[in-house]
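After this come two complexes, each holding chain A, first together with chain B and then together with chain C.
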Partner chain A sequence: MYCDKVVELLKELERSREDTIPPYNNDGINQVLSEMKTLDAEIIDFLRKQKDNLPLDAIRLRRAAIERNKRCLMTYIWTRLQRLKEMRWEIGAILPSDVRQNLSQSEIEWFNNYCKTLVSYMKTIGSDTGLNLTQDTKPPKSLYTEVRSLVDAGKLELESGEVLILRKNSQYMLSRSQAEPLIRQGILEQVRQ
Partner chain B sequence: MVGPGLVVQINESLFQGKRKYNRGRLRLGDRKPEERSDENEENSDEDEINMYRNIKPHYFSIDAIMAAQEKIQCSFIKKVEHVDFLDSIYSDKDEESDPKIELPLWMVKVFLVGKSIQFDMPKAYNEIYRGVLTADANVVDLFKLCKHFYLFGKFLSQLEHREAYEVRRTLIQTFIDRFKQTMDWAQNIDDNQPCFNRLDCLERLIFNDARVAQQHLNIYLTEGSGQMEIAAMILNYRKRKIHESRVLE
Partner chain C sequence: MFVEDLVKGFYDIISKNKILILVNYDVDAICAVKILQCILRFDNIVYVLVPVKTVTELKKAFEEQKVDVKYVVLINCGGTLDIIEILEPEENITFFVVDSHRPTDICNIYSSSQVRVLTPPEDEEKIPDFEDIFNENESSEDEDVDSVEPDDEEESDIVNVNSVEEQQNKRRRLDQSTLIKRRERRRWEENRKKLLFDYTQFSYYGRSAAMLMFDLAWKLHRESVDLLWWGIVGVTEQYILGKTERMRYLKEVELIAGHIGRICDSTIINDDEDNMSQSSMSKPSNTSTQLRIESEKDLLLALYRHWTIECSLRYSMFTAVSLKLWTIKGEKRLKQILAEMGEFWFNNSILIYLRLPLAESRQMYHSMDLGLRKQFYGMMEKISNTHNLLQMTYPSFMLHQGFKTRYQCADYVYSMVATLETNSRENSPTQCFYNTMDSLSRSKKEFLDQGIEKAKWILSNMFRHVQAALDMRQVILAGPFYYLIVQEGTLHSQHYSNPHCLTMLASFALRAQVASSRKIKATRLPLIASATLDSDQDTCLIVGIPPITESMPKSFFGKAFEQVSNKTNIEISLDYFDSSIAKMQTKDRPKFFDALTALLS
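Coming up: the complex of A and B.
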């Protein structure tokens, strides 16, 4: 029946967890595209052969199938982009390599463009240095915060120019703005008061 | 505020329903029905921002697409030619006078335009199940009955069918009846997998949101605000990595 393949594609996407991106199914998409082309050719064929007494139902069905294929393909791409977008906010501009592997060429391009747009937007707002929107997602209570390092992360250059060496299980007092990205990446942990 | 000679200005007012002897609750039932949205409804820009998590079906909603893929049993009134997969039902027409076939909803919609098809309400929406749902909606395993119960039902009730009105009414009543239980489960039970399995897709979304909200509230009450935490996505990513490496070993 028509549109079975594209539904398979969407099911594959739906089955995957919401915070992951499954591999881009190029074959599947090409199959759907060729199905759409066949349907289109069939419609044109009908119109050419029978000038009168057109098989209206058959044509309507094929048209609906093309429309539906289009909708599903766009949904496939759109859903993936939404997840990718969310990753930019959650993980940051550098994606893990195994996530990157699952993306198509144009998706990687899109992601880079998205990062650029975001950065240039953040530069334009706020005072002269711009405003980092990914920071202070929760209202801060103090400027400094006590953190514990969870891994041997190595050197960290502070805003004052000092260099700090992060060792596992040792505690530091850092400025909030510097600690937050590291906490979000899971390198540091905030010490609970 | 009250007394003779005082002027009170009312900015907004809502009068609806009947109230007998000025007692009891206002009945919301007499409200004018809101305009129903169509399956392919265009969202305004304002909605688009939240579209990803939106419960309302939109053009890119996977749930809406899947709901339109559910099968309906139907029979043809007119013969439809030049469609390959339909030829088989005509070949054994001699044995049966009324050939039946299962078609997905979006195809049925196409054939309804040409009035060449008629269909019966699927199992979950027929008279028997409507009776069950009216009697006690809370005991029904909706997921087993129909994965996209509400969405599919909504699309069905938009088609031309003599039972459409009843289906619509049952859907609304079922949702109202089950909603309290869904929220109850989400907020109060820790191990809620068995309950979760009985919910329809739409209810699952609500359930998850309710649970997350409850967890946030609990954290706020016990630990206060302002704690910075590892991003959920990275945390899950790490857990998956650990799991994968264990499987490999």
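Coming up: the complex of A and C.
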């Protein structure tokens, strides 16, 4: 059957969790590409051999298969890029190594370009220092938040210059901007009211 | 030193800086800290909160967190200790003490500025005067006098006088004056010792810390129904766990009723206005969905709104003791009460004539017939008079929230104590602490309901334990006091390694023992309960509770434990903030009881 390979690729992507990126399936993509080439060669073959009595249906079928392959490949790449984009907003400019391993060369390139564009855009907003758009994607209810420490993380320097010591099983009131990255790293846990 | 004005002397100072809050493991302290957190949130004050169980933990937590900290708030801990001596803080650190434990250490009271006690002094405390305890000029010399020979002391006095001639003259004069001085000093010393002994002899509890924090919120105009409710829970804990006497509780209830009038009434008035302006149809639903507190009289039955009436009657300390439910006779009495209830229902309501009240009493309270539920209080009141259950009712508070089950403040207390003391392998004590704290937030009702289930389990086990202890005669009279040892290996004995549970067991056992023995003397005896704390380290926990005839629940065990450990070489660590709770090696326990008997008789 035509197009089996590419559907397999998409299924693989769908089976993975929303917030992760599975390894870039180079083999699968090459197989799909070669399938497309064969189909193309077959069409040209038809055209050459039978000039009068063209098997139009066969050509149309192959043509549709090529189009479908193309669409599906685009979907594959686009979905991956969307996830990567989300990661830029969630995690930040530096990707964890396990994510980085799963990316293809061109994806890394795209990511770097995206970071550059985003940073240069954020610099232009606001008066002088720019505005970090990734910080509060939703308007926060308060600037400070209550957190509990899950591990002995050691010293933390506050924006005011004071030093705070994070010990397991203590509760803190911290500014949201400072607490958020630590919550993402799993060092702190937010206390809901 | 005492802080006169909570806002100026406390809040305005701490609100400028990062603060460290140290909290003891008890319900009152948790309520207090919850209120304080709420207040601090308004001003975005950065704080660090560390729960501490013992003095050792207090020291450790302070050592770890003292970097860059200027203000430390101690909640229900540290008031009875000399903070400066124990923690050895730097000069620029100020301590604010919110502690319901009494007596407050004399050094904390007279500390010039580093330690500030927030609870205002009360008349009953009888704090000794400054002059009687400290002698500014001579205090350092005093110590010298005792150790050094008299002649040397005079020389040391005279060192600053250089001339040799004057020295001899002065010597003669000094001989006279020093003699008088020394006599005075000795008298003063004796007086000091006596005063200090009188002051520290009994340990007891003062005003609830939660209520004090609510006062602060009130003065800052930041009060709300939630904050008031937490304050009420703090006060109720003191009453339910026998930390305060009835009169004091009633006084507090009056104050709270005033607060309720202020906070909850404003909405009702609005509703009345609404009523006038013909929107009466929508009004009732409005009030019933609102969060509100109502004060009403309630029964001293544990958790009966979430349990069956039979169970609640059986396992509540008050009814169990007055009806002597551990005997066969008691069991009959319980049946009789239930039967009378049935009759009562039968006479009063035509609607339910087909139901069997006994069956009703065995189903969950909230699924009982509505008519029965409405009459339950009045009926119990009537029955209580005929069965010698005086003082079964007490003024209490209810939290109404929408159409959900209503909670009485005692329900909260039982649930929180149960949550606080169910540490096991998967739940560390700190985890329990935070679960307890979370169960106060209305968004986390599930913790509260879990706590209620645990509390039922604890109460029923406690009843069985007391029953078994009385049957096996484990409550032993040792001259001037009773003692009860929870043997290791008995069912659920590991549960009593927590101070609150052991205290509850002890007071239950003492009351039960007094009720079942015919001697009048029994009412005047205290009880000591002991349970294994850690079987690996072979340590045990001892709790002393005062006799039931004491009108004020004052305990002299703290001082007695201290003296026993001084006289004998038994190592007793008074590590808990409550001085009548101590920890020691299990093998020393028999020796300890002997020494205590000798001391008290």
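In this section, the second predicted complex is superposed on the first by the 138 of 193 C-alpha atoms of A that agree within 3 Å, B and C clash if a C-alpha of one lies under 4 Å from a C-alpha of the other, contacts with A are read in each partner's own complex, and residues count from 1 in each chain.
The rule is short, and it goes like this: a residue touches a chain if its C-beta (ideal position, glycine included) is under 8 Å from a C-beta of that chain, and two chains touch if they have at least 3 such contacts.
Note that this is a predicted model, so its numbers are computed, not measured.
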Examine A:29 and indicate which partner it touches, taking first as chain B and second as chain C; both and neither are also allowed. neither
Once the structures are superposed on A, label A:13 by its partner contacts, choosing first (chain B), second (chain C), both or neither. first
Among the partners chain B and chain C, which is in contact with a greater number of residues of chain A? B
Does the superposition put A:122 against chain B (first), chain C (second), both, or neither? neither
What is the contact status of A:185 with respect to chain B (first) and chain C (second): first, second, both, or neither? first
May I ask you to decide whether A:172 touches chain B, chain C, both, or neither, giving the answer as first, second, both or neither? second
Kindly list the residues of chain A that each of chain B and chain C touches, one partner per complex. 192
Per the touch rule above, chain A residues touching chain B in the complex are 1-3, 7, 10-11, 13-14, 17, 19-20, 46, 55-58, 60-61, 64, 68, 71-72, 74-75, 78-79, 82, 86-87, 90-91, 96, 138-141, 145, 176, 179-180, 183-186, 189-190, 192
Report the residues of chain B in contact with chain A in the complex, numbered from low to high. 52, 59-62, 65-66, 69, 78, 80-83, 85, 104, 106-107, 109-111, 113-114, 116, 223, 225-238, 240
In the complex, the residues of chain C that touch chain A are 18, 37, 40-41, 44-51, 64-65, 67-68, 428, 430-431, 434, 438, 441, 443-444
So in the complex, which bits of chain A are touching chain C? 142-144, 146, 148, 155, 158, 160, 162-165, 167, 169-175, 191-193
